[in-house]
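Sending over a structure as structure tokens; questions will come in a sec.
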Amino acid sequence: MGGRRLIYLLMILAVGLPIVFGISQKPSRLVSAERMYDVVEQVRVQPGEVAMIWLDFGPNTIAENEPQAQVLIEHLFRRRIPVILLSQYQQAERFLTKIPNEVAQRLEAEMPGQQWRYGEAWVNAGFRPGGAIFIQSMANAVDVSKFLGRDVNGMPISHYPAFSSIGGVERVKLVGEITGLIGVFDNIIQFFQKNDYRPTIVHGCTSITIPEAYIFLDSGQLKGLLEGIAGAAWYSEVLKKHFPSSENKELLVTNTALSAAHVVLILLIVLGNIVPFFERRRANHG
Amino acid sequence: MVTTQSTDTRTKLIRIFTFLGGIYFFLYFVLPESAVTAIGMKAHHEQISNGFIVIGAMALGLGLYNIVRAHGARVVFQRSGWFNSLALLVGLLAMIGATSAQWIENLRNTKDILSVQVLGEFAMRIVEDAKNPPTDRVVPPFAERVSALVRYGEDRVSLIESHTNVSVAAGTNGASSVLVSEVRDRIAATRAKIGELKTISWAQPGDEALSRLTQFSQDAAKLASSYSIVKRSHDAHSTPQKVYDFLFDGLFNQLGSAMFALLGVYIAAAAYRAFRVRTIESGLMMIAAVIVMLGQISFGKEIYEHMPSIRQWLLEVPNSAAFRAIRLGAGVAGLMLAIRMWLSIESKSFSSGRK
Amino acid sequence: MDSSSAWSLASIIVGGLATLAIFSFLIKENSFYRFFEHLFIGIAAGLGPMLIIRDFLWPNILEPMLGLTVVTYPDGTQAEPYQPLYLLYIIPMVFGCLYYFIYSQRYSWLAKIVIGFTLGASGALAIRGFFSEAVPQIAGSFKPLVVFVEGNVSLLESFNNILFVATLLLVLNYFFFTFGEEGSLQGKIAPVGRPLLMVCFGAFFGSTVMARLALLVERVQFIVRDWVGAVGSLVGIG
């Protein structure tokens, strides 16, 4: 009992110390995040074309999914690609408002005189129940903006000039799915397509679903992947390389704390194997 | 007493409805697009899909009823743990109340913003109707419509002005001063345009008059756009919104994150106690786990420069292949289950029609 | 302090207390933890139904059905006429209400009709879902076993592809429980799939560790950075 609590304390200390002292290290290079950066970078939009980002996470995976959403939205905002934000998961509702607002404020502070306004840079289409039924219906809609109808404030999305006449899903140039839920991710992979068209899909996954997400990367159903916090941290590094004013200190501290916790956990596994071995030996000799 | 005959009828009815539930989507996906369009499925697909969602949405009261019944009884009869049940019910009612208040506030503000947007749209509609007089509906005489537009315009501009002033005076305006001055500039521009509209004779409108109306429409749309941002920014500081944010950010979000964070320490304890290498297979598992862990952290490359690349290879090649096999196997099983479910083969007890 | 800052401060302080209450479970289960656990369930249960009404039933169904989306211009004309077809939504609404018969002993079979209907729709969607997911997966598994790069054989890529295809087939073979006689080739090579599966599970474990630790990092970060700072500013230290 006491040993277990000692492990708990050790883990909390391993995580807490880098945070208290603000220690940050360069994150590990993740090729999948680099590929995703290139995919987003290659997106070219004509007037009326948009990106669509699904934020399908709640408090249970906010630790990993929020930084991913932040870096992806930041990249799209920097490139002035209009973004539709929406969710299949009701617990994400608040993040649809909070995250783009925070990113916009950060960018406005970084570049005085420039603005990222709601209705121009992004719209929040809110929580959409129905899962697969809703998604297949949208994929077959004649006009996505008319199909979505109203934003979370009750305003018709077609009233915002940047989103007034999107047309069919072919005009959604990038689909981003940020989630740790396999079911909602499957809905996008399986139903956000037409018989003759499959959009470019990128995915921010929680670490637990990384091994599964790789099979979609291999088949080309996914074009880019952000792997947990580490993926967001490396994406942020790449973003900083191209946009030097991009700030990512906090994310790097988080990633360093995560790394420290990993090291302690690996040591615990090693100890967990060595200690019983010596105990057995001592018992045999005794 | 339920007779065998009525049970059989119910069984058939349940099976028929189960089959009908699936046949629409099955046909929609299987039939060629030309056939789907020809029989009208494509044109009404959105509404029909919404209908399916509505059926599911109507079940929203089931969970609420169960929770209120179970925990309400515990509170009323002061059974063991009644205080916790009370906390649950308070949380439930607080969230319903806060979301409702925020929603009602939002609806009211949206109504205001839409009423301003109507200004530009109405001006544009007058122009369109003047160019192509409608045949399917009756519209009032042109001069009368413009006069209504002018009156409505003056009223809305005054409303925007007063709302913007209230917003600034309240000192809770999150919008930048640039935005407020932009709204004020646009109010002035729209007022000027309204003044111009008053001077024109609308009995015989020419191209120039119509073009002024078009310009007015564009100015009004810009005003509505700026106003909506100022208004929303002001509303973000309203009490219902703050209460909602407090419940979501201060309680729901924190409690949800904390509960799952417990797993972070549990996995460490489990790794120490249970991850023992006793066979070659468990050794392989540990090697793969350690490579993946070291490859994804900052310190990994300090131990071995190519650690991230080895991790990448491990995930891309052996992991992807094995996981794909698992997923394909599970997928085929899922497919069989779906077919059996749709054709009511899966669960005889469900479709039996018994109570 | 303005009202916005006060709300934010309250949010952080209460959030920190809530987090510590949940973390107190690590010492032992206690009433402080139970209280906040129930509060969380209550808030979550209240949020779901409200959002379904606010974000779907009202704007997509009820508003158009009641004609509230029809814009009336200042001269009394309408932007577009009311669509009476929206009234047809009453049918799924009434049909969906059959769910509530589940509470009736006598008529609970009526609820089975709507549950069956929903299951049927899910089944048909799952059939489509399987094919649109699995076809690219299967197609992506047909990898060239010998890869040429600029006219030369790429040993590394060829090895990777051979390993990929072999792993896929061996793991698939491992899961064939329903056919293959004892002593057959399929039965003999089945055990080879096990160590390959273990490599996959190892990768899965490594990833799970990161997922779980990330949650802990986020909470500790909140307590150390936000909560301690907020409490400090409240008691006048910060």
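Going by the order they are written in, the chains are A, B and C; count residues from 1 in each one.
By our rule, contacts are C-beta pairs under 8 Å (C-beta built on N, C-alpha and C of every residue); 3 or more make two chains touch, one makes a residue touch a chain.
Since we're looking at a predicted model, the values are computed, not measured.
Because contacts link each chain to all the remaining chains, their graph is best described as complete.
Summarising the inter-chain layout, the chain whose CA centre lies farthest from the centre of chain A is B. C-beta contact counts were set side by side for A-B and B-C; B-C has more. Mean C-alpha positions place chain A and chain C at a centre distance of 14 Å. Distance between chain B and chain C, defined via averaged C-alpha coordinates, is recorded as 15 Å. Those residues of chain A in touch with two or more other chains are numbered 8, 11-12, 15, 60-63, 91, 129-130, 133, 136, 154, 207, 210-211, 215, 218, 227-228, 230, 258, 261-262, 265. Multi-chain contact residues of chain C (touching two or more other chains) are listed as 26, 44, 47-48, 51-52, 56, 60, 121, 125, 128, 130, 133, 137, 200, 203-204, 207-210, 212-219.
Counting partner chains per residue, chain B shows two or more touched chains at residues 25, 50, 52-53, 56-57, 114, 245, 248-249, 252-257, 259-261, 264-265, 267, 271, 275, 286, 289-290, 293, 296, 315-316, 319-320, 323-324, 327.
Chain A contributes residues 5, 8, 11-12, 15-16, 19-20, 60-64, 90-91, 93, 126-130, 132-133, 136, 149-150, 152, 154, 180, 186-187, 189-191, 193, 206-211, 215, 218-221, 227-230, 253-254, 257-258, 261-262, 265 to its touches with chain C in the complex. Chain C contributes residues 26-27, 44, 47-48, 51-52, 55-56, 59-60, 121, 125, 128-130, 132-133, 136-137, 139-140, 200, 203-204, 207-221, 224-225 to its touches with chain A in the complex. Chain A makes touch with chain B in their complex at residues 4, 7-8, 10-12, 15, 25-32, 58-63, 91, 94, 115, 117-119, 129-130, 133-134, 136-137, 140-141, 147, 153-155, 159-161, 195, 207, 210-212, 214-215, 217-218, 227-228, 230, 255-256, 258-259, 261-266, 268-269, 271-273, 276.
Across the complex, chain B meets chain A through its residues 25, 33, 42, 45-46, 49-50, 52-53, 56-57, 106-107, 109-110, 113-114, 117, 178, 225, 228-229, 232, 245, 248-249, 252-257, 259-261, 264-265, 267-269, 271-277, 286, 289-290, 293-301, 307-308, 312, 315-316, 319-320, 323-324, 327. Residue ranges on chain C touching chain B, taken from their complex, read 2-4, 7, 10-12, 14-16, 18-19, 21-23, 25-26, 31, 34-54, 56-57, 60-61, 71, 73-77, 79, 81, 85, 88-89, 91-93, 95-97, 99-100, 102-103, 105-106, 108-109, 112-128, 130, 133-134, 137-138, 141, 160, 163-169, 171-172, 175, 194-210, 212-219, 222.
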